[in-house]
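What follows is chain A paired twice: with chain B in the first complex and chain C in the second.
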Partner chain A sequence: MAQQTTTPATATRMPAGDARAAPRPARRRRGDRVAWLFVAPLALIFAGFYLWPAVQTILSSFFEWSLLAPFDPLDTSTWYPVGTDNYTAALSSDSFWNAAFNSLVWLIVFPVLVTGSALLVSVLIWHLGRFAPVFRTVFILPMTISLAAAGVIWSFVYNSDPDVGLLNAVLRVLRLDIAFDLGPLHVRTGEWLADIGSLDLGFAQLRLVNLALILPAVWAFAGFGVVTFTAGLSSLPGELVDSARIDGCRAGQVVRHVLIPHLRKPLIITYVVSVIFALRTFDIVYVMTEGGPAQDTTVLALLLWQQAFAFLTEPRAGVGAAIAVLMAVVMVFLAYPYLRSLMGGGSGDEAR
Partner chain B sequence: MRRGKGSAILLYGSVTALCLLWLVPVATAVMIAAVPIGQTRNGWWHAGFGDLTFDNLVEAWREALSGYAVNSFVIAVGSVVLTVIAGALASYAFARLRFAGKRVLYLLLISTMIVPVQIILIPLLPWLRTLGLSTGDLQFVGIILVHTAFGAGWAIFMMASFFADVPEELLEAARIDGARHGDILRRIVLPLALPGIASFAIIDFVFVWNDLLLGLSLLDREHQPLTVGLANLQSPHLAQENLVAAGSIIAVLPPLVLFAVLNRYYVRGLFAGGVKG
Partner chain C sequence: MNIVLRRYRVRLVTAAVATVLVASACGGDDGGSGDLAGELRVVTNWTGSEGDAFQKVIDGFEKKNPDIHVKVEQVPFDQTQALLTQQFAQGAPPDVSVALPGIIRTLSGQHLLLDLDDTWDGWIADGDYPESLRQVAEGAEDATEAVYFKGNVNGLIWYDPTKLANWGIQVPTTWDDFLAAAGKVKAAGVEPFAVGGKDGWPLTQWADPVLLRVAGPDAFHDLADGKIGWDDDRVVQAFTVLSDLMRDYFPKNALAAGFIDATCARAKGTYAFQNQGAFVNSIAPAECDKNIKPGKTLAFFPMPAYDEQVPAAQAVSGDLFIGAKATKHEAATRALLEYLGSAEAQTIWAKLGGYIAPNLKVPADVYPTSNDQAAAKLWPKGDVEAGYDLDDWIGGEIQVTYTQALGQLVRDHSVDKFVTTMNKVDTRAAK
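The block that comes next holds the complex of A and B.
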């Protein structure tokens, strides 16, 4: 685990390459040709099945089309240009802003919960010493489970019948049938995948059922954070913590002044990767609620999918493409610093 | 580290409690899959040893999921093989050679780890139709190519970093002996980077196996993977929790077995700082 060489920023630290390739232009060109022979298979597949579809998405977001009457950039008879109408249609519809708000809830809550729970678990387990790997495995295990299966599995836990769903059964035993209103906050337990209340934010209603969907995703994804934090902790000298203790630091202070600064990089990685993951959310919502009830749990990725794949006869694919472009722009904007660190520079990395 | 006995007990106690909490969903699915539907209706937690049965698993497999499982294997194995081969060749060039356009291509590949997959999703279906990859078993070829394209950035990101760790002196010595690039890759780089390649292969397998969105959107019913089959089983109107639970166990099993057997490689690969959930 001490292989710091495999963390992202170092991955681009590529050696200078073939020494023979450099000196003279003629040889250089020959070197290029050899290198491109190696790259070609992957580059061709990537160009054909990623770059070109991405270009098509961007182009097609300015046309009206459906999957039954698709837009083809190379065939002008399929062109029904509508300018930026798809964008204005998306941005002026209530369902877009509803989905955008739910996605925002995911973008804020999911990374915080993943990072927080993974940090807590990693630090606790780190103290266990010899038995740590056994306990750690429990938290890494759900990472192998597909989100579709995770959604299905959690639906059982959430089942509203207290004879089937464990959560409601436990609440029944504890006689906790919670229902209260606290200012803008309304909470009622029981129908975990339909309506468990809301928080009125003034500009929008935060439906708490979204939190019930985020929880399984956190459960499935926290293992990533545990692995990342464990890697960071493994390079933390135990004496550092010991000496802090001897100097009279309390546990909370050790965490704040020793652990957190040391884990800066794993924290950033876990947080950013969770943000990226949060915007992509589709599987859990599709399996657990299909965006319902009404559109209470619809996120952007699901809305986009419905525009293109559910309303086949209506020419809504262009709107779906426009939403996809907007999502991509937001994500590149949010994750640009991270992208730069992936690209190398790599200087922050030798600092440790 | 000095610590009182009390706090040690507290520590072990809290971690154990957290672990048990974390296992509740899995235990729920296992139990519902292992007891008759009638028992599930009356609380699976009341079930005794005598109630345990394999009937649900057998029925879920026979009635619903065996076809989907075969599809999942074809798609996952095909995608992993193609991605590893094409990715290893390209990673050699990225890690060891200089060429025009390297930086731009690397940027494009790496950005797939950040840009949501939705950016390619919608035009893929008409595009695969244009290419003649939208009918019959050719759909497998189509989705394997899409998975490979989508995994390409990840493949380069991981494998090139492992390839870059191979000591330059070894390659230099081979070059002086007159070895060509193909030989160097096959005889020196690949054997030394094998653990890294294995890590990538496992993670890619788990990722492709767990895909729902592409399988749901691009394939017809006869060619969809297990995740879609499971989502279809999970209809609120069908009272068949036992089959759904059994299905989720079946769907989870292959990645879980891989994880159990090759845990070391899997964790190491994850640690390489992933983006693909």
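The block that comes next holds the complex of A and C.
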């Protein structure tokens, strides 16, 4: 109960920290107090289930612990402080950088594919008019399947036995067995979840099998972009498009100069949400390859999970926590434009 | 005499929430720990026909002990370690659970398991088990804290006798014959080995028997216990032999196909051989083709000796059971563990097939097919040493890295790189 009385108190103090807003009318302050009362239950849930675990994770990344000998921030007998050892252990291991590189591939390829394909599909659906609801449903449907299930489905598609795997069956019918080398790029078909070639980047080797995992994720996730873009397009005044057409714009020009500028915000949202999604991807990789062959498809979230939940004979959960903190830092940094468009952007509109 | 007391005795408490809390907190405290009564929670990995077989074993126990009720929970194999660890850490572990040596030693190190030394002393004295199997069940501090329930022998080369005859190949009994057979089918346009490396663990099934045959059982055990490093000459030689096998006879899709795919592709005739455990005998007819006749169209020969100088040893694996020290029904838990290790319990499943009884007193004639009988005959009875599944024994990060490194070895055949990777993660010998 004490919290409920202190929460509004801190609330009134907070704006006071803002020098420009120092003297505020009493009426506004009373309004704030009521607002905070309404927010309090949600704030408590947020504090208990999001903030506290986050703080715990950050704290625990400076201690040695495991599931069998858990770290409790309130119980000093569970404290085995190791300074920044967990961070140096993570950052100095080859596994970390291998996973970081694979996560980077996800981070670059996944949002581009999601945004690009969703944009293309939504513009086409929008253009179609009459059958739009049917097609919209078709593209949104995969969203309703859990990613783990999508991974299982695509594992069948990719199965290397042409009697089982759809993709290899199609290639067999077409008598296609592609294998070529183009400079640093090596491509071969057939073993979709083991080795479909690589791209030599000099500093690292990009295993194309990662793309075979990204594709099902795009398939499952693009529906989110389609929903967002379709909502954006439905708010587009028809007059704008008509006048552009009368001015002599061709279809491509309408898309470039009318549709895309109108979709600026949905584009940012879709892009940033898929960036966050890409960085925390775990389930589809776990289901389809478990990070293999060797460590070719291991991403950071999978490595984190292994440290905390698979390597049980060693107290490695602290290293897992350290990886989680590092990922969170990157994620906050990448999600900044999104957060700003949600919060800062809102007050910016008010100011105008 | 109503000593069968309901585990969840609901108490009359006014608040509904309190009822739930108290009932779960106080449930089960009513059967005294000395009585052979109570409800036991057992965690296993077996589903389908294996789940049914285990339930039959449990039925036998409940018939003998009508006051004990056993509830079996089926947990996916790869989630068992994490689940057990969490429940043990929370102080609410299953009374009895299936476990592999790696996690047994981890839990034992935290003093969470029942000490079963007395039971084992009796078994060894009565000739139920050889001493080498007791070592597999040992915890962190030389106390035996698990019972062996389901045995398996590895390093069996499965093949179709009718096809082998068509190719004009005799069952190989020497290493040279073995390589010659692989070469002969390859020349005939058939891939020699079905591997299934996508699942990871089938690669470790290759490493164990090769290590035992090339490096020998002493090096195998020292490597398992972290007494020698992976750069030990005998170990390096074994992995060189394995790497050459991979280079010369592994198929292109060794890492792309999983265990079931590989097993069924061999049954179909895409591959000539498959190096796997005894369980293939029940899995191939169940998963691939009901017309497969164990003994007629499915048989195995043990991987031949590499070097006659190296003492014979049998690669084994299998499932053990542990009892939680935190159990509320210690007597009942101990009774169940003792039962699971007994010839009586193991005979029940042995009769159903796809199972090797680790207890030596289970008669040889209870096994349903000739393959089961032949595999059971290979089970170490004190005459040959048992080499327990290396990575299941070690567990943890080393196990994961080992499986990954073997996948890399399939690809690049670089033993140097393999040894470096393993020595980096397995620092036990260096300490």
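Throughout what follows, the second predicted complex is superposed on the first by the 291 of 352 C-alpha atoms of A that agree within 3 Å, B and C clash if a C-alpha of one lies under 4 Å from a C-alpha of the other, contacts with A are read in each partner's own complex, and residues count from 1 in each chain.
Throughout what follows, a contact is a pair of C-beta atoms (placed from the backbone, for glycine too) under 8 Å apart; a residue touches a chain by one contact, two chains touch by 3 or more.
Here the structure is a predicted model, which means the values were calculated and not measured.
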Which superposed partner A:157 touches (first chain B, second chain C, both, neither): first
Of chain C and chain B, partner touching more chain A residues: B
Touching partner for A:269 - first (chain B), second (chain C), both, neither: first
Partner chain(s) touched by A:292 [first = chain B, second = chain C, both, neither]: second
Partner chain(s) touched by A:310 [first = chain B, second = chain C, both, neither]: second
Which superposed partner A:191 touches (first chain B, second chain C, both, neither): second
Which superposed partner A:181 touches (first chain B, second chain C, both, neither): neither
Touching partner for A:200 - first (chain B), second (chain C), both, neither: neither
Contacts of A:70 with chain B and chain C, given as first, second, both or neither: both
On chain A, positions contacted by chain B and by chain C: 67, 70, 159, 161, 164, 309
In the complex with chain A, residue positions of chain C that touch it: 81-82, 85-86, 88-89, 102-103, 105-107, 110, 197-198, 200, 252-253, 255-257, 261, 265, 394-398, 400, 403-405, 407-408, 410-411
Chain A residues within the chain B interface of the complex: 1, 3, 5-8, 10-22, 28, 31-32, 34-36, 38-39, 41-43, 45-46, 48-54, 56-57, 60, 67, 70-72, 121, 124-125, 127-128, 135, 137-150, 152-157, 159, 161, 163-164, 166, 169, 216, 219, 221, 223-224, 227-228, 231, 238, 241-242, 245, 269, 273, 276-277, 279-280, 282-283, 286-287, 301, 304-305, 308-309, 317, 320-321, 323-325, 327-328, 331-332, 335, 338-339, 342-343
Residue ranges of chain B touching chain A (in the complex, touch as defined): 1-2, 11-12, 14-16, 18-19, 22-26, 28-29, 32, 40-45, 82, 85-87, 89-90, 92-100, 102, 105-127, 129-130, 145-146, 148-150, 152, 155-158, 160-162, 164-165, 168, 172, 175, 181, 185, 196, 206, 209-213, 216-217, 227-228, 230-231, 234, 241, 244-245, 247-248, 251-252, 255-256, 258-259, 263, 266-268, 270-275, 277
Residues of chain A that touch chain C when the two form their complex: 67-70, 159-161, 164, 190-195, 289-295, 306, 309-314, 316
